[in-house]
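Shared chain: subunit A. Partners: subunit B in the first complex, subunit C in the second.
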Partner chain A sequence: MMPFELPPFLFFYLAGALVLFTSGTPRAVLMLLIPVVSAVNLWLTPEGSYGQLAFLDLQLTLHKVDRLSILFGYLFHIAALIAIIYSLHVRDRMQQGAAMFYAGSALGAVFAGDLLTLFVFWELLALTSVFLVWARRSERSYRVGMRYLIIQVLSGLLLLGGIILYSREADSLSFVEIGLHGVYGWLIFLAFGIKCAFPFFHNWLTDAYPESTPTGTVFLSAFTTKVAVYALARGYPGTELLVYIGAAMTCFPIFYAVIENDLRRVLAYSLINQLGFMVVGVGIGTALSINGAVAHAFTDVIFKGLLFMSMGAVLHMTGRINGSELGGLYKSMPKTTVLCIIGAASISAFPLFSGFVSKSMVMSAAIENDYPWIWLMLLFASAGVFHHAGIKIPYFAFFAHDAGIRTSEPPVNMLLAMTIAAALCVTIGIFPEVLYQLLPYDTGYNPYDATHVLAQTQLLFFSALAFVWLNLRHMYPPELPSVNLDAEWCYRRLAPSVLQRITGVVVAANTALRTSAAKLVAWVLAYISRHHGPDGLLARTWPTGSVVTWVVVLLAVYLSLSLF
Partner chain B sequence: MLSHLPILQVVVPLLAAPACLLLDRSRLVWIFTVLACGLSLLISMLLLYQVSQHGTLSYDLGGWDAPWGIEYRIDLLSAYVMLVVSGIATLVIVAAGTGLEREIPLEKQTVFYVTYLLCLAGLLGIVATGDIFNVFVFLEISSLATYALIAYGRDRRALWAAYQYLIVGTIGATFILIGIGFLYSLTGTLNMQDLAARIPDSAGSRTASTAFVFIVVGVCLKLALFPLHLWLPNAYAYAPSLVTAFLAATATKVAVYLLIRLHFSVFGEQFASSSLPLHGILLTLGLAGVFVASLVAIFQPDIKRLFAYSSIAQIGYMIIGIGFGTAIGLQATLLHLFNHALMKGALFLALAAVVYRLGSADISAFRGLGRRMPWTMAAIVIGGLSLIGMPLTVGFVSKWYLILAAIEAGMWPVALLVVTGSILAVVYVWRLVEAAYFQPPENELPEGLDGPDRREAPLTLLVPTWLLVLVNIYLGIDTRLTVGTSGAVASALLGGGQ
Partner chain C sequence: MNPEKPHFFDKPANVRFVIRALFACCVLLLALDFVIHRHVYHSWENLWGFYALYGFVGCVLLVLVAKWMRTFLMRDENYYLRREQAADRDEQQSGGHTDDAL
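Showing the complex of A and B:
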């Protein structure tokens, strides 16, 4: 065995352990070096299975390299390196250590050759990432982290349940295509779906990601959901249900993103929207669409990271993140503004930016495989994405009305990290072959044909026009100085009034349901604590006499059972 | 020498006990006890090796042949249980060197070590012997020693807890003796092998059934099966912390061993299930124990009591495994028997370190402890994860087999309930984690503790604790020893006697 076949998670775990005991320059050097060394190691590892291990009576494969996993492997190394550079200034051992363990767990998960190993890293992902949510060290972030952890661990438990059933059905636990067969298929599907933020399971994402630290969110946005996409691509390619789920995921977050004020939460919604494209790609299941899904995961990590980094920089420098409180920052943060716009252009899939080359593959696959309605939904979602992520984010943070904040550019390391990400966005956009070479299938796809470019440009211009028009209509404030039309209010008015009414009904029903559920829980807890609490019937110290009575009763029961 | 190992296993601690009295200097006695325990650990390792290589060992005491004389019979099951008992006993006694300082006055320490060794001799004797009356004798030796050990607790309630255990334990032992008496009157023999051969002849006789019922109830009392567990929480909570660590990891395990031995080797699966709907009873009581005790644990403010209730819940899991009546279920029980000893040993040793520094095991004492005693708390967290059944710890291995057994037996609800029980464990372990890592420490220290006492526990306590923690992790990854042995034992027990 060559020395160059170590699983990448080992490097990151080692770094995570060392980070806990070092500080200052050595720590910075160590943290920068590890992803590089690990990436070289990965590059030198030929495809194959390594680290075979017998556990219980199962055969485990700790480290399995093939074309699908290696792409995610490179992606996670790049993402980790960028995020590490971005967070170099942070002096918080817990956060830095947790981030390294988190990145390592993601790598462990994508290189897991069998389901049990996948499960272990699946849970470790949850356990290590929750520290990034807690890193703000506020009461609120503690609560959010707990909610996040519970949902993530639940996903792991479902996965384990599915694996146990799977192990009864299949001969080996190796991670191959599973499909929606039997209970196990659905359990594992559900587990993947929770981590992939399927509709109705997505709340953990929009709840937790915006509550992390500026740097923590960058790590969080890169790994957990992409591991889930990887798992879906491996376990459920061509599952038709995924097409519809994915299409729903691309559309529903748009409405929420439009009315959301916290700009990082807007990005969290748009993260779900982008995941939707990948899920659709996995669901269609042709070579082109899988390629599209995987390529989109690749580009999304980078441009979404860039957007989160630019918003993190804003939060870091101003301490504010609500769209209504920001504005006019382009004067004091011009570089950040430019970088953010590059990210926005990429996510909106402008030609020559990275989003274009990956998203168009999924769209082409949808139309080629007779999903015209899905294609329309994706088109609508593309317009929506441009609207809330492409325009809203840069517009309200850096332009709009001047909030009077005077600050300066973020620290050098943050700028550097953003620049690297922006450079990657543009490079992939202009030279898509670099990315296409790495994809699992060879399809000879070319995104820059006339139809695509024209359709996309048209779409973008028309939705830009719509934004400008609506904006002009509503942004002109009436000549009443007392009416303060701040950004958030304006956006709430933009949303159709019908939607608002529906939202009202949903909110009311939701509140009623929640209060009754809370009452039920409180009642159950009170009931349990009455019997099980320190002085409860079942916990109190009993007199010896009654203990003996129990013995006699039990003996009598046993005797009568056995004799009669 | 090697052929005498079965008897040496029992005789070494048994004779070391009075020898302690001769030394009579507490430090010297400690060293001597450590040596004696280490020797018995060595013997049990050798025995396990020999048994796994050459099969069952039989030793005739005093040269009297088996059915008439007393036979010591070491098969894979006994060797497996003796390994964990002597291993835990050794680690606990190493920790006792400094750990006892704060809990037992110096002049009483010699007697403590004597009692400890007697208890160990009794427990090992139960496992080693192949004679059913001999089992009773060793049961009494270990029980009497246990009552005394519990009564050493500083809290005055310890005396009362020991008294209650004395009453209840004696009733249990009497039941067992009555059962043995019935068996003797029926078959005229006390040798287990002989009994196993003769009992099928008298299947259907009321005497045999009654004997079985008395023995099962008596043993269930000793292993604290719900609802016969009422003696246990107080005994564990008020005994000296190290005694709790020892008892929690060994005494109940030996009782479970006894249930398995009598059920499968002496009466035999067929007799047992025909005379009593035992599987249903064990499943029901085991599950009830898991839920009642886990829920009680969630609300407990005293952490020693919390883990005592958690022990009752874990015993519930072991009993569920027997209740399936399948080889894989029995294997799950045997795995959990071994693994639970490892995790509870680690947890109670870490608690002993906390009590050593803070003088209290109340939840309020744990606030902010993550910073003050990082290593101790880390041990508690890993032990707790093992208790929950996280992968990479031994807890996962036993839960895995238990769930497999439930699915194999087609009992879906049971599998779900086992998982739910693990979630309850998450809740009570989390309470500790939350107090230790997310709450600020209390400013004022308990009285009589000065500056240096705020620090991490001494190494003599930490090293044994962490040894157990590492074993928890190691055996959670490399499962050949536990899974292999327990699998062989389970198939041997269910495949027609010994």
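Showing the complex of A and C:
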């Protein structure tokens, strides 16, 4: 059946290798062609397991296609193609090559049939993506990349530890539902959780994504976290803990997003917020909620990619990304403004845009399965995401006060990529069946009933009203150049300080110990030299006569002892 | 140098128009609550204008709480950077070795 049924990562790895040795038009053609060829190959591959091989005693499956993995497969092809178009102008072998390897690793992970293969691609995701962070080639990006890599590799190690324990319990390593059983269940859960940016493990994302290049961030935002959502959906569907974790993920980042100045970091926080909806969907575990989770992953990659692309275009053209330095760009970048607003409307889940048709499934599932408080949190997060991603991003970049920047529209390829993404957002929003027929379950869900449309529109318009009201009353917090403390403070500030203290104490103790030891040695030397030195008691030369006297005394004592 | 032609939002009248349009939409949406009968999953939704109220109050609270969070979370832009650079300098100066007791 060759040449079909090839695992998609092969195409991307091949492209990645070729990109390193080509340039100019051939490289552009190659990079554009590969996702298309690979997608056709995937389309022609029937469901089933391929590429099975025995490694030691283990049965590995390199390529397993089912309804869940194929959805993510198509999604990653679309995301890769859009991001490749967006980055066509880039002349940087390392970045282009790393991007292809990174996309390939994500595809390898979602089609991995067993846990060991998953682990290999899990680590490759980390190793290939860090080059996109380093691609800015600044001291700052080097540091950020190292932190990112350490956390990602840590996730991989936890996964490996979990797999080793799992292999003792289970007969095979095939990647099926794992659940929170035993130590292995928790280890693998934690590994997935780190990559999925669970609360307290989320700062690698807000740290690294905004530090990448304008094009690199578009790649980064698409793959790593969505692979983690896929892994959770496969390994831990219906795990109730996920509902609460997910709800927390939807709520806490929006507070940070409101006060964050770097607009790409605002988007990184809102990425965690969107992941929260997916995690809640996986946690509820019904057909509708799982459908909602993966559908939301699908739409999120596209609209979040669109928003990152529009902010990347702003950064590319103006060299600035802080809300405090931007404003009034709609005058010189009207097309980018419109495209950004389409992305903003989609993430805010306006009816007729893509976020609406996917997020509403998770919301409906939450209320139907008797999670009213969770539902209220999700509703609050929906209003909040509109507030910070839907309004704040376009407002501070393109409107607000005119910062006096006069530039032009970004290169054609950037505009084209954004247009494709925007077209997909609107298409999925108007014709949700296109997406629904790809979902794992058939639930017959219809998002467009009057109740739902009215409720969501009311929610969003009054959120907008709140923004306008706060602005008119001058109560809206201004954009300020600042750093906001987050969980990362623990490892960027607390741990180094504690380590520094401990090092200080150890160094002091070491010095004290060595000084007193030196004093002791000096005293011993003095003592010995007093007795054994030239004039010491024990080194004195004694006359023979006195020695004989002492011997006689000794013998006399022996004699007297032997008498009794 | 030619003065730039005024853009849409440079005219206060246009800004006022957009804000008024938003107000009109909000009033219209609230009015629709009388006309369209929502089927309700939860008793909270029976409250008139529940979604409108929740959206407005939720967002105002969000912003005010976030603003308050700034009082204890905000640091200057180089908060982490300064320390990291200082740590690097120390390391370079001491040449990585501090073993000089004795």
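Basically, the second predicted complex is superposed on the first by the 472 of 564 C-alpha atoms of A that agree within 3 Å, B and C clash if a C-alpha of one lies under 4 Å from a C-alpha of the other, contacts with A are read in each partner's own complex, and residues count from 1 in each chain.
Quick note on the criterion: contacts are C-beta pairs under 8 Å (C-beta built on N, C-alpha and C of every residue); 3 or more make two chains touch, one makes a residue touch a chain.
Since we're looking at a predicted model, the values are computed, not measured.
Enquirer: Could you look at A:399 and tell me whether it touches subunit B, subunit C, both or neither (first, second, both, neither)?
Expert: second
Enquirer: Looking only at subunit A, is it subunit B or subunit C that touches more of its residues?
Expert: C
Enquirer: Now for A:319: first (subunit B), second (subunit C), both, or neither, which partner does it touch?
Expert: neither
Enquirer: So in the superposed three-chain picture, is A:120 touching just subunit B, just subunit C, both, or none of them (first/second/both/neither)?
Expert: A:120 sits against subunit B, while subunit C stays out of touch.
Enquirer: A:26 contacts which: subunit B (first), subunit C (second), both, neither?
Expert: Touch status of A:26: no partner.
Enquirer: With both complexes overlaid on chain A, does A:529 touch subunit B (first), subunit C (second), both or neither?
Expert: The first partner, subunit B, only.
Enquirer: After superposition on the shared chain, which partner residues are touched by A:504: those of subunit B (first), subunit C (second), both, or neither?
Expert: Once the two structures are laid over each other on A, A:504 reaches no partner at all.
Enquirer: According to the stated criteria, A:544 is in contact with first (subunit B), second (subunit C), both, or neither; which is it?
Expert: First partner only, subunit B.
Enquirer: Do any residues of subunit A touch both subunit B and subunit C, and if so, which are they?
Expert: None.
Enquirer: Which of the residues in subunit A end up touching subunit B in this complex?
Expert: Residue list for subunit A touching subunit B: 54-57, 116, 119-120, 123, 142, 153, 157, 161, 164-165, 167-168, 528-529, 531-534, 536, 538-539, 541-542, 544, 546-548, 550-551, 554-555, 558-559, 561-563.
Enquirer: Give every residue of subunit B touching subunit A within the complex, in rising order.
Expert: It comes out as residues 163-164, 167-168, 171-172, 175, 206, 209-210, 212-214, 216-217, 220-221, 227-228, 230-231, 233-234, 275-277, 281, 292, 295-296, 298-301, 309, 390-392, 397, 400-401, 403-404, 407-408, 419, 426, 438, 477, 479-480, 483.
Enquirer: Please name which positions on subunit A make contact with subunit C in the complex.
Expert: 140, 143, 254-256, 258-259, 330-331, 367-368, 372, 375-376, 379-380, 383-384, 387, 399, 450-451, 454-470, 472, 475-477, 480-486, 492-493, 496, 507, 510-511, 514-515, 518
Enquirer: Where on subunit C is subunit A touching in the complex?
Expert: 4, 7-9, 19, 22-23, 25-26, 29-30, 32-33, 36, 38-39, 41-42, 44-45, 49, 51-56, 58-60, 62-67, 69-70, 72-81, 83-84, 87, 98, 101-102
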